[in-house]
Amino acid sequence: MEKETVRMEGFSDAIFAIAITLLVLDLHVPDKETLSSSAAIIGYLTSQWPAYVAFCISFFSIFIMWVNHHKLFKQIYSRNTAITFANGLILFFASIVSYPTALLSRFFNTPSANVVVAIYTGMFILINLSYILLWDIASKDKSLLRPDITDRAIKKIKLNYLYGLPVYMVAFGLSFYSPSAALVLCTMLWIYWAMSSGKLEMAN
Amino acid sequence: MEKETVRMEGFSDAIFAIAITLLVLDLHVPDKETLSSSAAIIGYLTSQWPAYVAFCISFFSIFIMWVNHHKLFKQIYSRNTAITFANGLILFFASIVSYPTALLSRFFNTPSANVVVAIYTGMFILINLSYILLWDIASKDKSLLRPDITDRAIKKIKLNYLYGLPVYMVAFGLSFYSPSAALVLCTMLWIYWAMSSGKLEMAN
Amino acid sequence: MEKETVRMEGFSDAIFAIAITLLVLDLHVPDKETLSSSAAIIGYLTSQWPAYVAFCISFFSIFIMWVNHHKLFKQIYSRNTAITFANGLILFFASIVSYPTALLSRFFNTPSANVVVAIYTGMFILINLSYILLWDIASKDKSLLRPDITDRAIKKIKLNYLYGLPVYMVAFGLSFYSPSAALVLCTMLWIYWAMSSGKLEMAN
Amino acid sequence: MEKETVRMEGFSDAIFAIAITLLVLDLHVPDKETLSSSAAIIGYLTSQWPAYVAFCISFFSIFIMWVNHHKLFKQIYSRNTAITFANGLILFFASIVSYPTALLSRFFNTPSANVVVAIYTGMFILINLSYILLWDIASKDKSLLRPDITDRAIKKIKLNYLYGLPVYMVAFGLSFYSPSAALVLCTMLWIYWAMSSGKLEMAN
């Protein structure tokens, strides 16, 4: 059975690649005029630490989105309209990650940190839901999947996304009390996903 | 018969992917200095709703352009100079979608909404015409197409693009009286296309 | 014989695609504050005509660069270090086209039109030379080429690039006397290349 | 044995291609208002020479990163989680090259040249380490590599990256005394790599 989703994967990869590379555009270079000494430049650059933190976590969150996308589409062999548009929804969110990231980097060390972290974690709830939706659509019709996939593997993938949901929701709630803790929680989930991604693959 | 259009499709996919991802650059992040409270940020962000609406409809319109491009090139196996440049015209319009989108997002809730919606819907008339042109060129010479394509399928694809034309023209005319209605009409056409795209594929 | 240049072509295609799509970033959207009426927007947009002209000719010149790149690499099956870096030079120029384009669009209807058109046409001399260099390197060692290529085809491709050189040089010289005429000359060359590209392919 | 890393290479190529093309966004076009004569434009453009130098060396350093990536992945046939994330680290650095480049281009001819050249060369130490890490992970488990690779080739590749490290460290140290010399040293290393890359390939 031929894999029908090659061009869809290529298109998705391109969007993930562009979204991840555009993040750098929010690292601002200071003006020549305002900074006239080495100390001033170093001071400016260190004051930008929220932008660097935001860049790092957004870079690796899109990277993990890509890794997950890759793993899902290793199991999906055919496509229908529903899969095409559920995938479009994932790409929609991938392409806007840079916007909440820019908000986060600019307002994290201000009194408005709560708002921007809530938007940031809220976005990941939506991203998580879009992956659950894609896999739900794909796994409902086994003729779309890799012919030799087991029911156990299908369920394992489903659970892998499902347990992300409560974590993101806790992070979202937490962002109103402790924005830093909310970001740490998200980062821990990604590290867990990165480290467990090998095991998931073996299960399929 | 080998498919000759692989590199052309890869190049087109890359342009669609970049065009769709660059749309996010028109979502502006407010300055730290001007917004000093959570309420001010929320106020700023909600005032940006035309930008979000414009982003969404442009994202999905480029996405549907890509889906359609994908479907057409599943039928086109060879290429000639005319197909190369008709495809170039489609890519030309895909790459400029962000410009009318930026105009739309910035001027939709001003007295100039008519002008920017007319430009926006006018662009879709041109996009529609460029797809009609590509398919016209391709279907005139059956040696360029998938060997087992039926005349019925060729005609069905042609009709699918042709009935978009009057809808876009009505939307263009409508934009001078009710810009919102014009945008709703375009959106409805895209939802119809998205939902009918499965049927179209079956017909081929 | 397996084609070894697939990844190099994919990388080149991506750079051409990004370079061609980034051109739109130089089409500026007016500020909401400065333009308060429909007439003011229409006035602003029409005053931007040099930007639209520059966008169009740069878009199609990169597109023709891609078409030519595609044709050359249909003949090149292996690669060595020299080909890799001659190709890198072509990609270098492809990625900077947007800069002279931006200069052109901003200064074409000023007294400095001469300078910016000279830079613009000068860049195409360099682009032309980089294509000549690539083909020179490739055709010096026939083991790098498609096994069944004829000497006549090799020469025909070489001539195709060589006659571009004097045209661009005339355009460069002309830019100091009549910038518009220099641009028209470049555009005519591209139209000729586009129309003759079919014939070239047949000859191979 | 089938190569498993195709989609990872495609994704990496896209990121390299975007990172290399975004560099042009830091070449600034002067405002129409501030420059009213041809002489003023030429004066502005020539004053921008550090930006052009920075653009050139960053362009070719990313290009050489891509060439090296290409060579490594010709030897890597399978992937595991560690390779995926070591590759992610390389892509992380590839995507941020434009930021130190922008700092370099803006502050090279100021008294702060030391700081920005130290950041720039420091980044290449990190990039070098990430390549060493990737190859270390890959070569620890020969089942991940091209089946017929020799131990001599594995070691040769390792050495090729290892001797870059002291050069970059000297360049980093040098940047505090003579920023220009530090940049010249980096450039010389890249020219050496470019010229020796053919030999490396033959050894595999």
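In order of appearance the chains are A, B, C and D, and numbering begins at 1 in each one.
Following the convention adopted for this analysis, a contact is a pair of C-beta atoms (placed from the backbone, for glycine too) under 8 Å apart; a residue touches a chain by one contact, two chains touch by 3 or more.
Remember, predicted model here, so these are calculated numbers, not experimental data.
Residues touching across the chain A-chain D interface largely differ between the two copies, under half of the numbers being common to both. The most distant chain from chain D, with centres taken as the mean of CA atoms, is B. The centroid of the Cα atoms in chain B and the matching centroid in chain D are 36 Å apart. Here the spacing of chain C and chain D, counted between their Cα centres, is 26 Å. For chain A, the set of residues that touch two or more other chains comprises 10, 14, 18, 22, 25.
Those residues of chain A that touch chain B in the shared complex are 7-8, 10-11, 14-15, 18-19, 22, 25-26, 80-81, 84-85, 88, 91-92, 95-96, 98-99, 102-103, 106-107, 110-112, 114-116. Residues of chain B touching chain A in their complex: 9-10, 13-14, 16-18, 20-25, 27, 29-32, 35-38, 40-42, 55-56, 59-60, 63, 66-67, 70, 194-195, 197-198.
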